[in-house]
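Chains here go by letter, A, B, C and D, matching the order in which they are written, and residues are numbered from 1 within each.
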């Protein structure tokens, strides 16, 4: 189900996003968009540049909500695997992430995402598969 | 060059590691080991479970120091790409990461890593290629 | 350098393409297109369906010529790594492959490709990095 | 179910293996081994060196039979995705492939494989996820 504006607002208050500097904008019809305005503590070892793992986190979570927009109410999702490339250094934020589902086969969802810097240069490109799962309080998801 | 105990101690004081809960133990001869004791703010959306992007960050940074142990003094390194799999939920920390170089071809280094939970179950498996680069104050590295 | 029509004709006569059923159509400006009309011997274990490794081969070789179109005369290229996804069974050929460079950083080229069946469904999606290398008679390339 | 010696002999007669030069030796308990003695027609563009797509095919099919050894009788399997790295040129055959399951989660199987040349150098390293599926005459599998 597409995320409502209210759900997105609520979601954006989570501690992980606050720590990193992530804001989700939209998750609908298998696509999602977010922005990374990196917090200082995740810009290491190069000041002003988010760590590559932080860029991955943005891609993974943005993909997850794109997948959730395809799932029935009450379901969760889990990353099966994800490949990421770093074509250029991530120097000029804010960084914009777009995730786009390429195919759904049953509960498996194939998805791509990219992060571009303020000048439009791609700084991270991802390709992943997710599984839509039963949501459990203890499930690994998103 | 292998990292000295002093270098590792100094390194472990960085803000990213403190925020996430990473401690590097060793980086020598193309291998490195670290532990993740996840901070509460990176355990989301499931309480007690580090986000998949955090596991990726542990793998990426542990690999990076394994690669640095192969590089000449004064060099840096950059992740070209990395594939990660999540075979099982990451429920029981602390989590132990081991990175092992599989091959070096000039300045390109091929490397694998895995994270195991306290019971020994693999919760993340990664395979990456890195480039050893000239270190610059603004370089994207580690 | 872009491949000329004559170069492409000559190239298409190679034994690997004949054995598999690959035809390259174009390689220019970092992009390339090809078609797979799979030979019976590579349709196994399911009659009429090319093996997943054959789809990978189409993606890898089409990417390679897209990369070659960016390289200076006399150079070669080598796949560093490639991730492939199989979103749907490859049942209805001929299959069309499109490779598109996403970024070039020095001698490293980042590239994506997809194969679609006759109805337009994506049956394979790839993401790779290549290195442009000195061409040597013994080089691993294309 | 583990493959019997008779099943393996029968399997090795398939047209794809004959065209490429693959021989499967063993598939039991989530692991499998094979050898590639590359046929001339798949050694292109460098004479004597199997194309990277051929190395991928060896990895993919060897992994598939490792997965099949874990599946109940009558099931099939399908590659969801696979990442491959090429650390060194594949010059000295025959090439030996070993696939090893890292984890099974329900019908999803995580697996790694490597191909080594006659001197023991790794020439291809793969990491994949497979799904165990209902076997159908038209299924994309192996």
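One rule holds in what follows: a contact is a pair of C-beta atoms (placed from the backbone, for glycine too) under 8 Å apart; a residue touches a chain by one contact, two chains touch by 3 or more.
In this text the structure is predicted, and so the values were computed from the model without any measurement.
Remark: among chain pairs B-D and C-D, C-D carries the greater number of C-beta contacts. With every chain reduced to the mean of its CA atoms, the largest distance from chain B is reached by C. Chain B and chain D have CA centres that are 29 Å apart. Chain B and chain C have centres, each the mean of its CA atoms, that are 33 Å apart. Per-chain Cα centroids separate chain C from chain D by 20 Å. Counting partners per residue, chain D has 80-81, 83, 85, 127, 129 as the residues that reach two or more other chains. Chain C meets chain D in the complex at residues 14-16, 18-19, 40-46, 49, 51-54, 56-61, 78-86, 89-91, 137-142.
The touching residues of chain B, counted against chain C in their complex, run 80-81, 83, 108, 127, 129, 131. Remark: chain A residues 83, 85, 87-88, 102-103, 105, 110, 112, 121-122, 125, 127, 129 touch chain C in the complex.
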